[in-house]
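Dropping the structure in here first, questions after.
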Amino acid sequence: MNDFDFGVVTANWQFLAEGLRYTLQVTVVAMIGGIILGTLLALMRLSSIKPLQLFASAYVNFFRSVPLVQVILAFYLILPMVLQLFTGQPMPIGAANSAYFTFTVFEAAYYSEIMRSGIQSVARGQIAAGSALGFTYGQTMRLVVLPQAFRNMLPVLLTQTIVLFQDVSLVYAIGATDFFGAADKITQRDLRPVEMYTTVAVVYFIICFTLSRLVKRLQARIAIIR
Amino acid sequence: MIEIKNVSKWYGSFQVLTDCTTHVNKGEVVVVCGPSGSGKSTLIKCVNGLEPFQQGSIVVDGTAVEAPKTNLPKLRSRVGMVFQHFELFPHMTITDNLAIAQIKVLGRKRDEAIDKGMKLLDRVGLKAHAHKFPGQLSGGQQQRVAIARALAMDPICMLFDEPTSALDPEMINEVLDVMVELAREGMTMMCVTHEMGFARKVAHRVIFMDRGAIVEDASKDDFFGQPRSERAQTFLAKILQH
Amino acid sequence: MNYHWDWLFFFQEADDGLKYYEWIISGMGWTVAVSLGALAVALLLGSVLGVMRTTPSRLLVAIGDTYVDVFRNVPLIVQLFMWFFVIPEFLPEKLGLWVKQELPYLVTAIIGLGLYTAARIAEQVKSGINALARGQRFAGLALGFTEWQTYRYVRLPMAYRIVLPAITSEAMNIFKNSAVTYAVGILELYFQYKQIIEKTSQVLEITIVVTAIYFGLAFAMNRVLAFIEKRSAVPGLITGGKGGH
């Protein structure tokens, strides 16, 4: 097989682009949802209410100890059962949709650890200063601590998002058509693995490499402002 | 023993050493002093090639440090060096700290190396601590071990890079005592230090550096009696107040 | 919910004559084999790359940096597919054929996961070496050590102690990441998990059991490394908190 033919890539570019769009959608949804959920978990973990602390740390430790592929498959199968429990009728939600939920829930565990160290990185004096101004605990968190924590941790949050972007490829486990899944499906039909997989690898590399360089630059800028 | 000729060094476009020329004769004790950032630590690190320099030459016991063919590890194994922060190897016992270079660099037998190390450890008064790790010793004790470690290599001369400036005041003397004794035995020494008491006691010559240049290079008596440069005078006045 | 719990299905015979719990045990064996093999590759190569990135040689630094950039910016599953379906095509014909037909899948999977993890280990090793005071290198050199000897006797022993906690978490991650090798035909734990779900539909029981096993493996790895950490602790030294010079 010496005659490589990248025509298979150009001929199927629309299908690949659709896949890439899905990958990006899952990434963006899971990033936003994951950061919100993760921040809540971080606040719970740092709160003085024992049950909340325990819940948050159990949540985080659980999802950080299980293989993502396993969670993807398990949620895909279990989610409809849980929904049926509430609605009383079968609720097939499909592979593509279940991934949005899975990634949000899964990544929240990782984002929460980042936000937790971000919150802890904000000087204690800031909390005292907030209280001294008459803010409630909630106001101090919302107006003083979280904005600083978020800014300090922005590069790390974005780096985690690049990891997330790569991890979406694991929806292969439930047959959803992400970027990699699209390439794989074309390969199964046209039997051009070299061209397809190489293209996928190169595109992933270009996107992730560029993003990680941008994050590095951002990091340098934040370091200077601080 | 040490010949430093017209040495200049730059970090990028920033010049840290400007045309430095001096020497240390066999058996001589030379103290190098000067304000911080004057380049004295950089100069002494050039002597055994830890810091490269772009111009000039340094010859140690007939070997040119900057020559590309020079076997630097071999040269360094003959020149003892003591650092500001001791730099004992934290993961090794004191015994191993003293023995490792003897074994790996000089090829001595382990027993022989340990024997030699113990003798020197005894000399600096720390024989009882042989089994400990550096982190379990005080700063002064660590620095004495570091001196013993350098001596274990049977050096032809010793370089001291601010050996007491990281120490608490009450530990400075125990280290200086070891250095004085060494000087009195005739060891060739180049010492970057602010300890003027030490200089008065054992130095033959004193070099004063400022902004990367050697401003004054005089016999001890001349230096303390009548420093020629104004900068050296101000420096001395400041230091002697303490 | 009309889910039918049945914990005893693990003892039922599957269509290959083995019982389901035996599938799980066999999958666990493969998971451990892939993971430990890949960890060995990653530690070895990652250390070499990490050291390269701290040397004064620009070429070595560039090679190390490029490696890390490439292997961190392509998803693991894509990397594995490259090793299985693409790289052999670029090898000399006979070698490529041998890789495809003779070389056990396990070896290719170990290399794939190992090279992926090596990039992470390289990052840790590099940061460990850089965390050491510059004076330690000088002290080694001043005693007559060659550059290599300063790594061997002075810098690496301390660097490893400093990064051991980070390496511990990479080592725990490797079990999780090994699950991806199911996609290239390794019959490891996740593969068996998927298979058992297809055969029996007892999703919840098997999910609980397999999750517990992944927990257990990561925990065992954690204990082993905690033991190493304890054994290698240096008296009188608090690692990680070493003040900067």
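We call the chains A, B and C, going by the order they appear; numbering starts again at 1 in every chain.
The rule is short, and it goes like this: contacts are C-beta pairs under 8 Å (C-beta built on N, C-alpha and C of every residue); 3 or more make two chains touch, one makes a residue touch a chain.
Note that the coordinates shown come from a computational prediction; the quantities given were computed from them, not determined experimentally.
Among the remaining chains, the Cα-based centre furthest from that of chain A is the centre of B. Chain nearest the geometric middle of the protein is C, using mean C-alpha positions. Separating the centre of chain A from that of chain C, both taken as means of CA atoms, is a distance of 22 Å.
One finds 45 Å separating the Cα centroids of chain B and chain C.
Inter-chain spacing, taken between the CA centroids of chain A and chain B, is 55 Å. The set of chain C residues that touch two or more partner chains is empty. By the touch rule above, chain B contacts chain C in their complex via residues 45, 48, 50, 72-74, 76-81, 83-85, 87-91, 100-101, 104-106, 132-137, 149-150, 153, 159. On chain A, the positions that touch chain C within their shared complex are 1, 65-70, 73-74, 77-78, 81, 84-85, 162, 166-167, 169-170, 172-173, 180, 184, 193-194, 197-198, 200-201, 204-205, 208-209, 212. Within the complex formed with chain A, the chain C residues making contact are 1, 3, 69-70, 72-79, 81-82, 85-86, 89, 172, 175-180, 182-183, 190, 193-194, 197, 203-204, 207, 210-211, 214-215, 218.
By the touch criterion stated above, chain C contacts chain B in their complex at residues 133, 135-136, 138-146, 149, 153-154, 157-158, 161, 234-237, 245.
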